[in-house]
Amino acid sequence: MSYVVIGNSVASVGAIEAIRKVDKKTPIVVISDEPYSVYSRPLISEYLSGKVGEEMMNYRDSDFYERNRVTTKFNVKAVSINSRTKRVRLKNEEEIEYKKLLIATGGIPFVPPIEGRDKDGVFTFTKLDDAKRLKARVESFNHLVVIGAGLIGLKVTESLRQRGVPVTVVELSNRVMSTVLDEEAGRIIRSAIEREGVEVITGLTVEEITGKEKVTGVKLTNGNRIKCDAVVIAIGVIPNTSLAKDAGIRVNRGIITDSTMKTNIPHVYAAGDVTEGPDYLSKGNRVFPIWPNAYIQGKIAGYNMAGVKREFTGGIAMNSIELFGVPVLTAGLSNVEDENLEVLKKSEESTYKKNGYT
Amino acid sequence: MEGINGRRNISGCGLTGFMSEEGRLINGEAIIRSIEVLHDRSNGLGGGFAGYGIYPHKKDFYAFHIMYDDAEAKDASEKIIEERFSISGEEPIPTRKVSTITKAPILWRYFLKPELDECDKDISEDDYVIETVMLINDTIPGAYVFSSGKNMGAFKAVGYPEEIGRFYRLDEYEGYTWIGHGRFPTNTPGWWGGAHPFTILDWAVVHNGEISSYDANRRYVEMYGYKCTMLTDTEVVAYLLDLMLRYHRLPVEIACKVLAPPFWSEIDRLKEERKEEGNVFEALRQIYGSAMLNGPFAIIVGHASGIIGLSDRMKLRPLVAGRKDDMLFIASEEAAIREISPNLDILWHPRAGEPVIGELKRTSIKKQAKVINLKERIVL
Amino acid sequence: MMKRVYAKEEVCIGCRLCEVYCAVEHSLSRDIIRAYKYEQPKPEPRVTVEEKEHISFALQCRHCDEPLCVEACITGAMMKDESGRVIHREEKCIGCWTCVLVCPYGAPRRDLSRGKVVKCDLCQSTGREIPACVEMCPNRALVFEER
Amino acid sequence: MKSYILPEFKIKRDNERCIECQVCVRQCAFEVHKVSQDGSIYSENDKCVACERCVTFCPTKALTIEEYEHYIKDNANWTASVQRNIWKQAETGGVLLTGMGNPKPYPIYWDHLLLNASQVTNPSIDPLREPMELRTYLGSKPESLEVEISGGSVRLKTKVSPQLKLEVPIMFSAMSFGAISYNACEALARAATELGTYCNTGEGGLHEKLYKYADHTIVQVASGRFGVHKKYLEKAAALEIKIGQGAKPGIGGHLPGEKVGEEVSRTRMIPVGSDALSPAPHHDIYSIEDLSQLIYSLKEATEYTKPVSVKIAAVHNVAAISSGIARAGADIIAIDGFRGGTGAAPTVIRDNVGIPVELAIAAVDSRLREEGIRNRVSIVAAGGFRSSADVIKAIALGADAVYIATAALVAMGCHVCQKCYTGKCNWGIATQDPKLSKRLNPDIAAERLYNLVAAWAHEISEMLGGMGINAIESLKGNRLHLRAVGLTKEEMDVLGVKVAGAPLS
């Protein structure tokens, strides 16, 4: 019997590396509906911009699976889990029995029910294939609208700008990266974006994507229209929990795990963007769709699957990203107003620092 | 002393000595024969002898052997002697003509009894004698007392030792202990007084080597009233022995361990194994550090009750010893012993710093030095 | 067990020569004057002296047993090699500074001229047995040992 | 008041070599080097004391310190330093202070004494092949020993008073915690322990953390009695009553309050920040019999288990004074010559009071021998020993051992800038500033001290071997192994040596 991992991104790698630290023998099977060896998902915007080529996307060296004695089942979707027989059924009818199972299916883009969202020229941007699809056609676009000025939205915007495509960003909240940045920081980023010739519209969103089959424009909630030939919906990701739900695993927003990353079903673990794991700050559970968190959860899951008890001490939101030449580093509750917090701010020419202390 | 006299001599020499522990008297010819073998170890610039038991008829008198450059020195010295002693006899030291022995000084001997006056009451006769010897040697130019013990005498001159022995007619003396020396001084033409042995009271020392510690030793003994008029390292050995054995009453083995002490590493080891003994040697080096003889040496020391042979603690100069019946032989070369006792019971090469001690068993002479039975000799 | 660089605060004199020699060691010419005066980009040290009043110590990558930088690195540029060193493969670094964010010691440094992170490699890349900062510390305030 | 004092030194910075790493800026406690607004580095000459810290630490050797060239009209009397001193006093009205030993060009007798060596007649000894003994015992020796031999065993009947065992006849002279940093004290104590010799607390008390080196520590009882308590006397191998110091005979000491921090305060048992004033005389010693009382009080207090040393400055009447000290019951007399160092002394005293230690040792050794009491005390010579040659010559003159301090400081890094009294020692030695004192890593300093003394010991062994001597005691007072060059008859008489080339007697 094997360790079976569904999903092949960073949480999966974390689990494999942890398992192999303590268990060199038991086979590991990795199932992925993508055809690729593990790649760096955050790099897809760099791939789009051309800054990195496909070979640079590899997150681990090419001998990673071999060295860790991992059997890969790529380009095939896991369709169901039978927790009673401890089997995973693949779309190609194959069934794999597991000793321990890790669900690391990640997130899927959140696409709100905007009218016209099925038209040709509407993209999401979370996987390499998304980037490839967009990249294949990017030269042909005259104007692009990005919905959402969060991390993904702004990264895709930056990449598109670097490819010379005029872009308009539409953000429902009153500032960019509103979940992590305060107003002052948001202003700094916004002006950096605008300096690059990108139009940023806040406080509004797209009500409708217009065009017959192909996108020709968007209509905003204030009635304004913007002409464009493509739209990237980058509002956020939500946990990809359908497989788990069908197997009777307890799911809230994400798969609920304990501190050992175990679900409510014996022998089944979850890690990464699909989970709703312990939160360090609130002491509750929370989805943390961020890269380091996914690795650590994967690692914790891996150790526990291999019989070494390790606990996840809770995730902390953190991000480091460079946007339009401005490095942005945030960690913890970077955007809360709480009078119990002592906040130190330091603003110089080109830097803005803010530290909160309890 | 005039001219080159008294310069410290650097020398490499032949030594020999023997004794009858039973006190049998042996003709002086034996010591001449023994030293003659070592002819090549001397260069004709000095030699000498000391014999013990040679003046049985005057055994209670201090026998002074004095060399005078001139009559003036003799007069001045005799004035001192007359003031301080009653003279039981005086005469020239008998010599015979030997063609190679020339430029002899006036050689005179006296048999003396100290006359201590009121203010000398505190000091012993021996000290009184030493004081007199120092006084003459230090203050009378051209006079030199080269022998001052009882029932013993030193004989020394410039020349090859065997010639010197014949010059002094040693074949006419009989003694139970004899020591002899042939010199090879390297830097000074011999002066008669500079020849070995060096003596004080009945201590007579013959020596091969150079004492690098000389000035440390000299300044040490001078603290106790000795005057190193000769500025020779051999002289200082005589005074050190007198100081340690007569004044400090150290056992003779112990005094030898002062002159040639064990290395600290050996003492440290000894302290672990035999603490008391280790403590003794540690204290010896602490207290008598200035009396240690450093540099290469082998010495033979004669005294009224015995003979001592000793080499430096690295044995940079040769010393060999042998026994035949009650006879103990010590010499720088085996040949000097074999010459007079071909069939030895035993012959050995003492280790560095290990003393060879001979002791007169039937002595009528009650000497101050503590007498130690040879069987009790401690060997490190 | 692996050898690491440890600081002895009590004898760190805050001279920052470790920084100087580290930068030189990782420069192109490895000659102090050339490196500082003529090389572009300027060589960056991988060690920083932290200092406040009389307290000072040199800090560089701790080569953690479970390095957060390796876990957090989004490109796989950071890795822990078999000897235990945390190695940063600059060719895979895109300058996202996530390692800078997550490192509890503040060890990775930004080389802004190249847009890459630089960090201590225990002088592995330069073939030294004892890291330059340790060997050149004039007051033995750095030691390279197993603990 | 406008100061007329011109700088003494000039910093030269080779801009071709300066990499602007700012090491010099960070290393200079006198704040000579500064970073200007544009990031370039400049130096203020007038603050420089020529301690060479920056020069030594500059990684590119871009710095040199030179004498500041200012024209003083050629004059043998009114030299630049004379004028500078007058300006300083005219501007402050104070006593000129200085540190370290007398720098004036008085004759150095060591350099007029030459050692002997064996040739042909007497084999020299190779210390690499043969044992070479430098072990020395300090303490009062009885005139003779009584040894009993019986039944093949020997026994010592004389009780020998306590002796200090030195594996090498070089000790570290008194330097107080306060005058020097804790790290310097620790380094000295550790080196002394490893070398099998002794360090000396000076009058600064003994820091508790150094109690573990007690077996290699001589504790001083000086006029201020700082840090003297029961435990202090217990945690010592020997006790030393300090009467005087070569750098400042006849005057007391003054440790400014700024140097009296927590640790110094606790060790010296005085309040933090208070000046530590050592009176010029001991207020309970006004004559030799008072000294005797103190000697015996200390012996009583330590139950006659430790030797008691008395340290005096070498002054004109040193021989007679030493005789008195020996007769007062001291086991060791330490004689500190006029080149001995100090943490702080009035310049005029340091440069003009006392006599050379060479003459002092010779005079004292001769005098004690004349009086027949040389055994009763050991003589330790101190004050300006620069090399193993000085040490061996001192022993040949009659010293049992020597104290070194300036050489020890130099070994640890001191560059003899003479600014000890400022407390800003850039080498971390003569300072209590935690930022500066940590510059002296005791590991390194102890190693350097060890190396220095080991090297000297090795050289002494070589020289001894050359003289055909394999135990240091055979050189003690062995003045025949010394010959004089360029000295007057009177000087040679005091030294008890002959002119080079004269015959052996």
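A, B, C and D are the chain letters, set down in written order, and residue numbers restart from 1 in every chain.
Throughout what follows, contacts are C-beta pairs under 8 Å (C-beta built on N, C-alpha and C of every residue); 3 or more make two chains touch, one makes a residue touch a chain.
Note that this is a predicted model, so its numbers are computed, not measured.
**Student:** So which chain ends up in the middle if you average the CA atoms?
**Tutor:** D
**Student:** Taking the mean of the C-alpha atoms as each chain's centre, how many Å separate subunit B from subunit C?
**Tutor:** Computed value for the inter-centroid distance: 79 Å.
**Student:** At what distance in angstrom does the C-alpha mean of subunit D lie from that of subunit A?
**Tutor:** Inter-chain centre distance comes to 73 Å.
**Student:** When the centre of a chain is set as the mean of its C-alpha atoms, what distance in Å lies between subunit A and subunit C?
**Tutor:** One centre to the other, that is 31 Å.
**Student:** Centre to centre, by mean C-alpha position, how many angstrom separate subunit C and subunit D?
**Tutor:** 43
**Student:** For subunit C, what residues touch not just one other chain but two or more?
**Tutor:** Residues of subunit C never touch two or more of the other chains.
**Student:** Specify, in ascending order, the residues of subunit A that touch 2 or more different other chains.
**Tutor:** none
**Student:** Chain pairs in touch?
**Tutor:** A-C, B-D, C-D
**Student:** Within the complex, which stretch of subunit B touches subunit D?
**Tutor:** So the residues of subunit B in touch with subunit D come to 6-8, 10-12, 186, 209-210, 212-216, 219-220, 222-224, 231, 244, 247-251, 253-254, 261, 263-265, 274, 276-277, 279-280, 283-290, 292-296, 313-314, 316, 372, 376, 378.
**Student:** Quick one: which bits of subunit D touch subunit B in the complex? Just the residue numbers, please.
**Tutor:** Going through subunit D, the ones touching subunit B are 118, 120-123, 125, 130-131, 133, 135, 137, 139, 141-147, 149-156, 158, 160, 163, 369, 372, 374-375, 467-471, 473-481, 503-505.
**Student:** Touching subunit C in the complex: which residues of subunit D?
**Tutor:** 16-17, 19-23, 26-27, 57, 59-60, 428, 433-435, 438-439, 441, 443-444
**Student:** Spell out the residues on subunit C that touch subunit A in their complex, using ranges where they run on.
**Tutor:** The touching residues are 66, 68, 71-72, 74-76, 92, 94-98, 100-102, 110.
**Student:** Across the complex, what residues on subunit A touch subunit C?
**Tutor:** Those residues of subunit A that touch subunit C are 14, 40-43, 46, 51-52, 56, 58-61, 291-292, 295-296, 299, 318-322, 327, 329, 331.
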